[in-house]
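By letter and in written order, the chains are A, B, C and D; residue numbering begins at 1 in each of them.
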Amino acid sequence: MTALSPPSAVDMSVDLAGVRLPNPMMTASGCAANGREMHRFIDIAQLGAFVTKSVKAQPVSGRGTPRMAETPSGMLNSIGLQGPGVQAFVEEDLAWLHSIGARVVVSIAGSTASEFATVARTIVRSRYASAVAAIEVNISCPNVANRGLVFACDPASSHKVMTLVREEVPRGLPMLAKLSPDVTDIVGIADTVLKAGAHGLTMINTTLGVAIDVDRLRPHLVAATGGLSGPAIRPMAVRAVWQVAGAMRAGRIKTAPIVGVGGVRHGRDALELIAAGASAIQVGTAAFNDPTAPERVGRELETLIAERGFTRLSEVTGIAHERFVP
Amino acid sequence: MTARTIAAREGSGVVQVDAEVLGNTAVGAYRHLTLVTPGLPEIARPGQFVALSVGDGTSSMLLRRSFSIHRVSPAGTYGATTEIVVAAAGPGTQELTRLEAGESVSVIGPLGKGFPLPSQPVPCILVGGGYGSAPLFWLAEQLRERDCPVEIVLGAASADRLFGVVEARRVADGVTVTTDDGSAGTKGWVSDVLPDLIARTGAGVLYGCGPMGMLRSMSAIASDHGIVAQVAVEEAMACGVGICMTCVMPVADQHGTTKMVRSCLEGPVFRGDRVRWEAFDDGLCRVPADAVGAPKEVR
Amino acid sequence: MTALSPPSAVDMSVDLAGVRLPNPMMTASGCAANGREMHRFIDIAQLGAFVTKSVKAQPVSGRGTPRMAETPSGMLNSIGLQGPGVQAFVEEDLAWLHSIGARVVVSIAGSTASEFATVARTIVRSRYASAVAAIEVNISCPNVANRGLVFACDPASSHKVMTLVREEVPRGLPMLAKLSPDVTDIVGIADTVLKAGAHGLTMINTTLGVAIDVDRLRPHLVAATGGLSGPAIRPMAVRAVWQVAGAMRAGRIKTAPIVGVGGVRHGRDALELIAAGASAIQVGTAAFNDPTAPERVGRELETLIAERGFTRLSEVTGIAHERFVP
Amino acid sequence: MTARTIAAREGSGVVQVDAEVLGNTAVGAYRHLTLVTPGLPEIARPGQFVALSVGDGTSSMLLRRSFSIHRVSPAGTYGATTEIVVAAAGPGTQELTRLEAGESVSVIGPLGKGFPLPSQPVPCILVGGGYGSAPLFWLAEQLRERDCPVEIVLGAASADRLFGVVEARRVADGVTVTTDDGSAGTKGWVSDVLPDLIARTGAGVLYGCGPMGMLRSMSAIASDHGIVAQVAVEEAMACGVGICMTCVMPVADQHGTTKMVRSCLEGPVFRGDRVRWEAFDDGLCRVPADAVGAPKEVR
C-alpha cells in the first residue's frame, strides 16, 4: 500500500463469499466511526473494506458517560450503539463513503428481528448501494423482546434475525453474521446462522465485563457492564476462529469465510487469526492507539507472509489446522 | 531517536508523529514536556490538544492520553516543537511524566476545535484551573494581537498546582490568583472573583479551561452577565481523534437540539450556554430525556 | 501481616460459610503448587487460606509441552491437571500443609462425577482433615462421559458432581463450586450448584483461548487450546461476581459467599472484586510474576480499605451494588 | 534507586530483590548485565539461574524470564552483584536488554539445582552453545579448585554468537571453538569435536549448557563413551520458582521411572542419560506412554 511494502508480491486478495477484496484488512464496527475521521490518517478506500458503526433504524443517543474504562491490554465500552439512524446514515455517511470509492461493509443492528430487516432494506435499496460490499449483521446486541438477552446468545433469536435479513439482501451481496463469544457453544451458534443463510461469519464481538471505580466504589461505567475488547481478548478470538474453522474443516458445519476480529494490534496478531482460519481481518481497539493500524497491520501481515515463503494469503488461511498433530 | 512522521495526509489538518522528547522539567506539581513534532505547530491553534500514547507497544495501556497544547513553535534549533503540561494523575500520565529527553512518544495533533477569537477588540477574561491554564497564554497573545485587553485568572487547590503565574503577568493586562487553601492569591474559587472582574473590565468573552465544576460556574456567571463563555472541557477520551465515541457530552446546537456530541471533535471548546450542565452529576453524565435518540422509557 | 501493615486496624476477617478466616487472601488453585515452593517467599500459613492444585484420584502426568503461552496481560496454560493423585497428595502435600499450620482449601477434580466424590472422601477422611478449611470443587474440567465437555458448562453435570460430593463432605466443612466463565448464563449455573448444596462459589476459572505460533504456523500449545488467565480477564471475573452477587441481592438465587479470582495483581484489583460482591480473593497468575503477591495484595487491600474509612472488610463486600444507580 | 529485598525467608535458599542495574554492556550479539542483588551471591552455585520480571508493573508481559547466572560476587564496591548474559530473543528479553544503569528490575534467585561437582579430580569437558557458555567459567573455576583438568568447548552459529572465548582461555586448560559457518574456530558442531576430545583428555564428566539439540547429542556421546553428562536444559518457564508447572519434561529417576518433572526445580541441570530425549520433536515434547500418569488411551 505504501513505499514500505515488501518487494515480494504476495497476492493479498480475498474472496469474501463471492466478493473480491484487494486485501484482507478492515476496520471493526464501532472502532472507526463512519470513515471521515480515520480518513485523515489513512486512505480508507485502500482498505479491503471499511466497516461502519452498527446502524439502527432510528437515531440513538447511546449511553451516558463514563462509557469506557481502560483495562489491562484492553478496554470496556458501553457506547450503546449511538448513531444517526439509517436514513441519515445513508444520506451522510454512506454517500460520503461512496464518493471516495470505499468498499463498505455496513454493520446493522436492531432491538427486534424486524428492525434488522428494515435497516437492511433501507441500505440495499439506497442510491449508494453500489458501495456496499457486504452487510454485517451485529447480532451481538440486546433483544428487547427477550428480556434484553443478546440475540447472538440465543440460537432461535439469531436464526430469526438472519432469516429476516436474508429476505432483504439481494443475491451476490454477502451477509456476515457477527458472533458474540459469550456463549457456551459458539460452533452451535455458527451452525445456526449459517443454516439461516449467513454467507460468512465475523468473530468475535466484545465479551462482557465490569470495572469498578475503586475510589467511588461503584461501577466505573454508567451502564455497569460493558464490552471488553483489545489485545487482552485476542486468545478468545483466535480460539473462536479455531473452533469454528475446525468444525467447518471436519464437515460438522457448513463452510463459509470467517472474518477474524479481536485484539489485533500487529501483523503477527492478524497472522494468528489467519492461520486459525480467518480469511479477512478487522482492527478495532488498536485503532484508538494508532489510527493507521488497519493499514499498518496489513503491511506487516504481507511482510510476514512473504517472509514465510507464501505467495498468496489464501494459502495461509487455516494452515494451523493442517500443521496441528493432536 | 529523531522524530518520525507516521501520517500527515494533505488537508487533513492533523499529523501523527513519533515525537522526540526534547525536555521534561518540573513546574510546581506538573511536568512541562517539549516534544519535537514536525508538521504540527504550523496547523495548531490555542485550545486544540494532542493525544499521546503510552509506552512502546508492549505497555498494557492502549488508550491515548489528551493534553492541551501549551505552546507550539514551528521553527527552532530543534525544528518544530509542541509543549504540554502534564499532571501525573493515573498510571498513563505517571509513565508520560517519566519520559526522558531523547525518548520517543507517539503524538497526534492538533485535535479538536480551538478557542474562537472575537472579530472585535473586546476585553476578555481567561480563566485557568490547575493545569487548565496551559493553553491560555498562547491564547492571550493572539487576543492581544487583535487588541483585546486580556485579564487572566488562575485558580488551583494550592500554590503548587497553579501553572504559569509568571507567564500570565507577561501576556496579560492583569492577573488574579485564587487558591482553595489560600496558599497563594485570594483564598477561594475563581468563581468568587469573576463577577467583580467582569464588571470592572467590561469583558465581553470568558475563556476557560479547567475542571468541569469550574467551567460550569463560569458559564453560569457569563449567562448572568449576558456575555459568552467559551470553555474547553475535559471528558474522558480513549482515542482523541473521533473514532471511539467515548468522549460524548450533551450539547445543544443553534436550534436548541441536544445531541451527544464528541468532545474530541466538536470540542473540546464549547460555548458554555450550549452545554447541558445539569446532566453532569457526581462524575456521571446521563443522557437528557430531550436529547436526540434518548432512551424512550423513563427508568 | 508485616511491619508494613497500616497502623489502622481494619478487621479483615472473613466468614466463609461458617468457617472464619483471619483475612480474605488465598492462592488460586494450580498457581501455587502445593505450598512448599511459595513458602520460600511468604509464610503461607498467614494467608486466609492456601488453595491446593486440583487433585484427582490417580496420578496424572498432565500435557506435553509447550503448556503455556504468554498473551497480552495474561497467559494461556494447558497443564492438564498434573498431580500425584489423592493418596500421595494426602501423605506428602496435605501432611506438610498440616504441619506448618496452614488453613487449606483442597481443590478437587475428576473426569467423572464419582471421581470427584472419591477424591473428596479420601480428603475428608484423611488424618490431616483438620487442616482442611474448605473443599473447592473444580467443575471447570472435562467430563469424559460427556464428550469432554466441561462439567461447569452443563447444568446437569454440575448438579451431579455437587450432589455426589456433598454426600462426602461433613457438616461444617464448606464446599465451594468453582465456575467457568465460558457459559451463556453464569447465574444459571450458580443457581444450579447452590441448589445442589454448594456453600459458596469461586469465580472464575480460566476462559478458553488459543495462541498460534506465528513462526511454525501451528497452535503454540501442544494441546491447541488452553485456559486464559491474568489481568486480561479481570473484567470478566468482576462481571461474573457482579452478576451473580446481583442475582443473590435481588433474591433470584440463594445467597452464599463468593470467592473472587481472575486477574488480581494489585490491591485495587482485589478491591474491585470485593466491591462487586466477593468475600475473599484468590491470586493466581500474578504470583508467577511475584510469588509474594497473595500476601502483598492483602496488605495493599487493607490499606485501601482503611484509606476509604472502613473498619471491616465485610462492609465493602458488594458495596458497588448499593452505590449503583441504574 | 538502590536494591531492595522483597523476600528472603530464612533457610529458603532463595531471595527476591528489586535489583539495581549496575551495568549493561554489549558482548558480541549479547548484553552482559550486572545487577545489585543483596543476599543472592552468597547462596548461589554454578548452573543455577535467576528469573527476572519485565517492566514496572504496567507492562503487558507478566511472566518471568530465566537466565543462567554467569557470575556472582558477594562483596564489592557496589555490594553483592549477579551477572547474566542476555540474548534479545523476544519482546521480554528485548526490554531487558534495554535496561540502563540505575534502573530497577525484579530478580529472584538463585533458582534450581546447579551442576554437581565430582568428588574426585576427574578431567571434565564443559560445553557451551551460544550464551549457554555463560555459567561455565565459574563452574570451571570451581572444578579446577578441586584439581579437575578442564577443557572448554564453545560452539555457536557464528562468531558473534560465541560468548566468553577469552574468559575460557583464562579458566580452562584447553579451549576448542566451533561455529556452524566457520566464522571462528572449527566449522561444525560441538558434537563433531567431542569424541576426539574425550578420547584425548580421558574426561569423566561432560558439562553442558545450550540448545536442546546440543545437549541431546552430548548426552548420546557421553553414553557412547560410558561417561556422565550433566546438562542444563532450557524449557520454557513462566515463573521459574516451581509454582506454575509449565516447565516440565520427562526425566527418569534412579529407578527408571519417568515423571514429568519441573525443570526449574529439579533442574535445570539433569543427568543426560535420565532425560527422555526421544519425547522431544520439532519444538514439542509429548508425554512418554510409560510416564507416571500418562494418558491411558493411545490417540
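Going forward, contacts are C-beta pairs under 8 Å (C-beta built on N, C-alpha and C of every residue); 3 or more make two chains touch, one makes a residue touch a chain.
From a predicted model like this one, the values you see are computed outputs, not experimental measurements.
S.K.: With one step meaning two chains touch, work out the least steps from subunit B to subunit C.
M.R.: 1
S.K.: Where the contacts of subunit A and subunit B overlap, which chains show up?
M.R.: Looking at subunit B and subunit A together, the chains touching each of them are C, D.
S.K.: Which chain has its C-alpha centroid at the greatest distance from the C-alpha centroid of subunit D?
M.R.: Between subunit D and the rest, the longest centre separation is with B.
S.K.: Out of C-D and A-D, which chain pair has the most contact pairs?
M.R.: Output for the comparison: C-D.
S.K.: Rounded to a whole Å, what is the gap between the Cα centroids of subunit B and subunit D?
M.R.: 54
S.K.: At what distance in angstrom does the C-alpha mean of subunit D lie from that of subunit C?
M.R.: About 34 Å, centre to centre.
S.K.: Just how far, in Å, is the C-alpha centre of subunit D from the one of subunit A?
M.R.: One centre to the other, that is 46 Å.
S.K.: What is the distance in Å between the mean C-alpha positions of subunit A and subunit C?
M.R.: That gives a centre separation of 34 Å.
S.K.: So which stretches of subunit D touch two or more other chains?
M.R.: 60-61
S.K.: Could you say which residues in subunit C touch two or more other chains, in rising order?
M.R.: 72-74, 216, 230-231, 326, in rising order.
S.K.: What part of subunit B is in contact with subunit C in the complex they form?
M.R.: 60, 299
S.K.: List the residues on subunit C that touch subunit B in their complex, please.
M.R.: Subunit C residues touching subunit B: 72-73, 231, 326.
S.K.: Taking the touch rule as given, give the residues of subunit D at its contact with subunit B in the complex, in rising order.
M.R.: 55, 58-61, 91, 95
S.K.: Would you mind writing out the residues of subunit A in touch with subunit B in their complex?
M.R.: Per the stated touch rule, the residues are 30-33, 37-43, 53, 58-68, 70, 72-75, 77, 79, 82-83, 85, 213, 216, 222, 230-231, 265-266, 285-292.
S.K.: For the complex, give me every residue of subunit A touching subunit C.
M.R.: 69, 71-74, 76, 153, 182-184, 207-212, 214, 216-219, 224-226, 228, 230-236, 238-239, 242, 263, 268, 271-272, 275-276, 304, 308, 316, 319-320, 323-324, 326
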